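Below you'll find the structure, written out as structure tokens, and then a few comments.
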Amino acid sequence: MKVIKTVFSLILLLFLPFFIAHPECACAKNKPKYGGELVLSTVTDPKSFNPIVSKESNVGAIMGLVFEGLTRTNGVTTEVEPNLAQSWEVSEDGKVWTFHLRQDVNWSDGVPFTAADVVFTFNQLIFNLDIETSSRDVFTIEGKIFKVEELDKFTVRFILPVKFAPFLRGMGQEILPKHLLEKVVSKGKFNYHWGLDTKLEDIVGTGPFMLSKYLPAERITLVKNPNYWRKDKQNKRLPYIDKIIYLVVQNQDVAVLKFEQGQIDYYGLRGQDYPILKPKEKEGNFKVYNTGPDFGTNFLLFNQNRDKNKKTKKPYVSEYKLNWFTELKFRKAVACAIDKDSIINIVMNGLGSRQDSAMSPSAGFFYNPNVEKYEYSIEKAKVLLKEIGIYDRDQDGIAEDDQGNKIEFNLFTNSENTQRLALANIIKKDLEQLGFKVNFVPLSFNQLTSKLDSTFDWDALILGFTGGIEPHFGNNVWQSSGHLHAWYPKQPKPATSWEAEIDKIFNQAVQELDRDKRKQFYDRWQEIVAQELPLIYTVLPQSIFAVRNKFGNLNPTPYGGAFHNLEEIYIK
Amino acid sequence: MKKSYSQLGKGIRKLKKHGLAMVAFWVLVGLYLSAIFAGFIAPYHYDNEQRSLSYASPTKVHVIDQAGKFSWPFVHKVSQKFDQFYNRIYVEDKTEKYPLRFLAKGDSYYILGMLKANRHLFGVDSQARIYFWGADSRGRDLFSRIFYGGQVSLSIGLVGVTISLFLGLFFGGISGYFKGKTDTLIMRICEIIMMIPGFYLMLSLRSIFSYSLSSLQLYFVIVCIMSFIGWPGLARVVRGMALSLREREFVLAARALGVSDIKIIWQHIIPHSFSYLIVAASLSIPGYILGESALSLLGLGIQDPYASWGNLLSESMAVSQLKFHPWILIPGAFIFITVMAFNLLGDGLRDVFDPKMDIGRKF
Amino acid sequence: MIPRWISAENFNMDNILEIKDLHTYFYGEDLMTKAVEGVNLPVRKGEALGLVGESACGKTVTAYSIMRLIQSPGKIIKGQIIFQGKDLLKLSAREIQAIRGKEISLVFQEPLAALNPVYTIGFQIGEGIRFHDREVSNKNQKEKVLELLKAVGIPEPESRINDYPHNLSGGQAQRAVIAMALSCNPQVLIADEPTTSLDVTVQAQIMELFLKLRREKGFTFILITHNLALCSQVVDRVAIMYAGKIVELATTEEIFNHPLHPYTKALFASIPKGIAGKEKLETIGGQVPDPANKPSGCYFHPRCRLKKENCLQAYPEYREIKPGHWVSCHYAI
Amino acid sequence: MINYIIRRLLFFIPLLLAVSFIGFVCINLAPGNYFDSLKQNPQVSQDTIRLYEQKYHLDQNVFTQYYYWLVNISKLDFGYSFAYKIPVFEVLKSRMFNTFILSLSVLLFSWLIAIPLGIYCAVNQYKFTDKLFSFFSFIGLSIPSFFFALLLLYFASLTGILPAGGMHSLNYEAFSPLGKFLDLLKHLIIPTLVIGTSSIAGLQRLMRGNMLEVLRAQYITTARAKGLPEYRVIYLHAVRNAINPMVTIFGGSLAGLLSGAALTEIICNWPGLGRLMLDAVMSQDLFLFAGDLLMISFLLILGYLIADIVLAWVDPRIQYQ
């Protein structure tokens, strides 16, 4: 399910804490050795190499190899661990954090990494209002930002306006080099800096790899950063691998074949690929890992935007449609009508699981399984609809509401994702069983985002977000003022009581440092979402991937995938 | 006029001797009939799905029952499971026999768009399903969908070529009859259109129209695009005919008698180019069919749940999946057979009427 | 009488080429055309022989049969063509290639069609020389071509040698074709209506050229033509062909003075005599029979004014009425 | 000769203009445009938008836009790809080369097979092999390229003999020059077969027809009468003449070739102009689209030009002046 996922800022965040060392790795039988290359595939070309402004998941993954944050999330334990910062202290009230940076870190061009870079990244990039970055949403609490200051060359202090529970995890934010970017920012050109036409040697990070070559529509090559600071147990410099190649393979079927032919070392399987690759494990000398439900969600949502278009003075959604979409029973009926099992069977080849909660079961701690579940039942859905006066009055096969409006609406999704198209076709058919007339139109991703961001002229959408383990990083989706609050974004104040409650939960939970208490908040949030159904969740794919048996120190996990410890992986 | 029709009759007689062309002709007649009566031939409606039988393999029709005796053909109910590798396997439930029924009752459909009917050529009781050529992802019968798809794919060729013919007759007739600047202008335009690679022109024209169109709208958009691409070829044929005919005695005589230009074009020039047009049309029809298929294959044409052969084939774009359900390539064979039949027929017609003519585009 | 030149010194009673009972048929989709049907024709060494007949009577097919140039769907069914003691019809492809152009050459009706448009005439003339005489060097070959061009009367041969056929006029092209045919000094030259497609003035020049060349080179000359008058000026003997058969053969003098076959007579009657042209020209009634559907009996009978009962039933025997005068008519005396 | 080429080139300019203008009109008629979504894109500053507006006159009508685009083209500036965020020319460069390679391979393959096959069939007219090849050429002519491509890819996926799409193997960079070339050849096989088959079928039929016509010509008999061996008659005299009309159709066949190539590129994952065109249409990337069309027309015209020059070279009846 690594097909183009909706490219939203959320995604970027969830790719931040990607690489973690784990010294107790059990595969020490072979001695690690240097050299070799790892070949991966990506579905699309990157649109930019700028990790602050780029919103794409695939770029996030690549840039995660080039840049690092102060902390990172361990791919196995999902705990936060030191990265560029070697230690930290926190004040009693939890608002003042002092980070002691590593002193042996150099940028890949040889310039030493210092506290100035951290301060620059936060104060002049993330908190710079001229730069469009979704990172700012994460580090803004109740409209207030952090204060970041340099205590000495290798000490940075963060002063938070309020307590901020996911702060340490948030410190996985990539740090960018001040010495290269300061001038760009002062000229106001950072938004389009590090585009695809940049000379790649100008993109300088502290990560284990650096960009070396980019052939549009063909490949992105990264080479080992010779200045990388991390060392293995024998005190040898990491990483072991010399080169990472991302092949641009737009067509997933071609990617499968390329994997089979040994041209790619790693492939994220769709359900339908499982029967192709699984039986060939031995013969092809690779292993297929199934690490359980993925984080990538698929959901249906209705437009509940109550605003008017400022230019035309017309409501974004006509009144009678808004009446349906804001009616809870309508959404519940829709939830009941979605045949999740068939979707799993057909679209995911049986390798998926139904999603009821806003969090993926793989999220672990914060996942709340005890939320309302909607079993597939057309009858029950029809009963619910009848209760709000929607049924087929004139026996023409299409239902009407009590004012006689036929239930007809558009359903959009992005046409690039074939799996989602198949899913949408099934849902469309399901909804037609309720007597709805659904005009299903696949749109290009650009058209879809413009509808979602600015024109708001849509009725229903099928979308996907990449989820994660930290609920707060979904802040801009769930806060009613968030611009990813897709069903009614950027609300001046919450339109409904349950949206108000979610706002409150998010603001409270982020300040609650006690994990268990925090969990209670987020449990409640998941209950509300399942109850009110702003997003009608459908199914989660399984996270399955195949990796060639040539890597040492490989330790795939549900959270980190196969290469969360890439710098430690070597080729046998 | 009379002469041209008797020429046609002679042509048909000659054509009858053309073995392959006649085979092609009857194949086409069969295909078009099957499309017209798709509702009857197909055991299921094109959108009748059985989700639990995703990609069901072609149903086995048994003639020997479990006792080992011959019996009226029957099928078993099938259910789908996943094996350890998540391959779909289909298990027959041998306890119950579902005999193949002719003129079975099933989904209702309209004969020729008017008469409602629910009898199908064959079928089985609704507890079981018969998939002659397997099922698609949502357990819809490919056999049924192919015949329904034929309605779109086959008719687009005819409708498209008809529109092109009108355009071609109009512009070609004018061009050849009036000569001079009109002729030069029209022919330059034709040349330019013909020089642009068809696929690129098709994509450019397709981009004019929104992606969010209903299937009926899309059908007409495709027809318009294909006719636009196709008319210059026909116009050039007509022009050539018109140029040679306008010097012929009967046209000169008609003009001397003061018959109007339009009337001359309509009464003399067009009937005389009739046989050429038939050849030209039958040779260009494959272009329309292929164009529609290509667009639908890329997702720019007919959309699910409606079927067209290109649209049906788009599922096989997932090449790695093909080995699990190779039958979804069958619609491609239908396109192939149709195109081949039109080519053979056109070739036969060309032999009969005019040995030197080459028009039509290939995609 | 029309003046004419007789090559007495070349005149010889030995046959250089003898066609015996030649049958060449063409096979259409569902009909068979007997283009040549039992032609017997001895050609004497050094003579000039005219083969005369209307179009489609089988003259060209006879010539092509001699050269074994008949292509599918045509086929030589039976017969013999004896050349220098060998039966040409029994030779292998390689052997016949050695004869074509070297021993027997052909000049065609339409010179511009007979020349390959994409090669220079120099190349086309030299090609034959090269193939028949491997010893010839490039330089020699070129000299030889120039010589030939000069011999056939093409002005400025040095520049013409690099011309393409489309640069030449009809007459010049025919001269080039003749040069090509004579390039290897053949023993027999067959000219298939060499002047028909040319202007009248050019026709005379070309015929002059033939006479001149024959005088110089002394080859045996077979002139195929439908023009009896033209023929009479150049040839020693005339063979009249009708519907795939030879109907009369005699020396030019004999045939002019005593034509025996009604067809020959009719042909003579249709020649304009004298400048005044006061006499009424006669035409031969009816049409040449369809070679695919020949009449019964004597093929000429539908057009023959003298036909009798047996003309409808039996084809008349080809017999020697006087020494050297052969005819095929029931009533020829 | 140079004069002649220049005159031919001048003749093609109206075609280039017409094609690119059609492209411009089409994409301007399309509902919505990339520029609109650019305006809504918070990543793009107002300055940038103003810059685009000024540079490409996007706020004005089609004709003005087209005019300025032409002016830029004359400076070899193809505009900016909104989707790729780099100058269009950068995107087109490699794609054009790829399409060119594929087309070249198809041309070589189809002509090298079709011409001898046509000759063979004409020489052996009505024999069994002729009929067999004629039948195959009918199949080749009728099989839809996309269907054939899918069949071949299916075959490739079953057997694993051939690469199933793409242009290079992964370790392509590491290969020796010869290895690179062989690798490219291997990847070329399927798309070349797909596009080439229909070309072969068409060309074979044409060549056979031409050859039959030429073999009936008088000068062939002349050549035989000269005593030339049959091979020389056929290969030197007949083929040279039968080739001429083939050269004229060479230019005309290019449109069909590029058209077929586009669809095959998409199915076989070949990074060429055809696939780019689809992407450009889908994302309404105006300048990329127009540039792509221009490049295709350019390839086309290159083909026509080559055909003209070759024809002038092989047929002495055609004069440069």
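Here the chain labels run A, B, C and D in written order, and each chain numbers its own residues starting at 1.
One rule holds in what follows: a residue touches a chain if its C-beta (ideal position, glycine included) is under 8 Å from a C-beta of that chain, and two chains touch if they have at least 3 such contacts.
Note that the coordinates shown come from a computational prediction; the quantities given were computed from them, not determined experimentally.
Participant: Give me the two chains with the most inter-chain contact pairs.
Facilitator: Comparing chain pairs, contacts are most numerous for B-D.
Participant: Using mean Cα positions, find the chain sitting nearest the overall protein centre.
Facilitator: D
Participant: Report the inter-centroid distance (CA atoms only) between chain C and chain D in whole Å.
Facilitator: So the centroids are 53 Å from each other.
Participant: Using mean CA coordinates as chain centres, what's the gap between chain A and chain C in Å?
Facilitator: Once rounded, the distance between the two centres reads 93 Å.
Participant: Between chain B and chain D, what's the gap in Å when you average each chain's C-alpha atoms?
Facilitator: Computed value for the inter-centroid distance: 27 Å.
Participant: As a quick test, compute the distance in whole Å between the mean CA positions of chain A and chain D.
Facilitator: About 42 Å, centre to centre.
Participant: Going by the touch rule set out above, which residues of chain D reach two or more other chains?
Facilitator: In chain D, 32, 157, 164-165, 284 touch at least two other chains.
Participant: Going through chain A residue by residue, note those that touch at least 2 other chains and give them in order.
Facilitator: Correct list: 251, 254, 257, 415, 444, 447.
Participant: Among the residues of chain C, which are close enough to touch at least two other chains?
Facilitator: Not one residue in chain C touches at least two other chains.
Participant: Check the chains against each other and report every pair that touches.
Facilitator: Inter-chain contacts occur between A-B, A-D, B-D, C-D.
Participant: In the complex, go through chain A and note every residue touching chain D.
Facilitator: Per the touch definition, chain A meets chain D at residues 39, 45, 47-48, 53, 55, 130, 132, 188, 191-192, 195-197, 215-218, 245, 247, 249-251, 254, 257-258, 260-261, 263-264, 415, 444-447, 449-450, 453-455.
Participant: So in the complex, which bits of chain A are touching chain B?
Facilitator: 251-254, 256-257, 271-276, 278-279, 339, 342, 345-347, 349-351, 410, 412, 415, 418, 422, 425-426, 429, 439-444, 447
Participant: Could you please specify the touching residues of chain D with respect to chain A in the complex?
Facilitator: Where chain D meets chain A, its residues are 32, 34, 36-37, 40, 42-45, 47-48, 83-87, 90-91, 94-95, 156-157, 160, 163-170, 269, 271, 276, 282-284.
Participant: Name, in rising order, each residue of chain B that touches chain A in their complex.
Facilitator: 47, 49, 51-52, 54, 80, 82, 84-88, 137-138, 211-212, 214, 299, 303-305, 317-321, 323-324
Participant: Name, in rising order, each residue of chain D that touches chain B in their complex.
Facilitator: Against chain B, the touching part of chain D is residues 14-15, 18-19, 22-23, 26-27, 29-32, 138-139, 141-147, 150-151, 153-154, 157-158, 164-165, 198, 202, 254-260, 262-263, 266-267, 274, 277-278, 281, 284, 289, 292-293, 296-297, 300.
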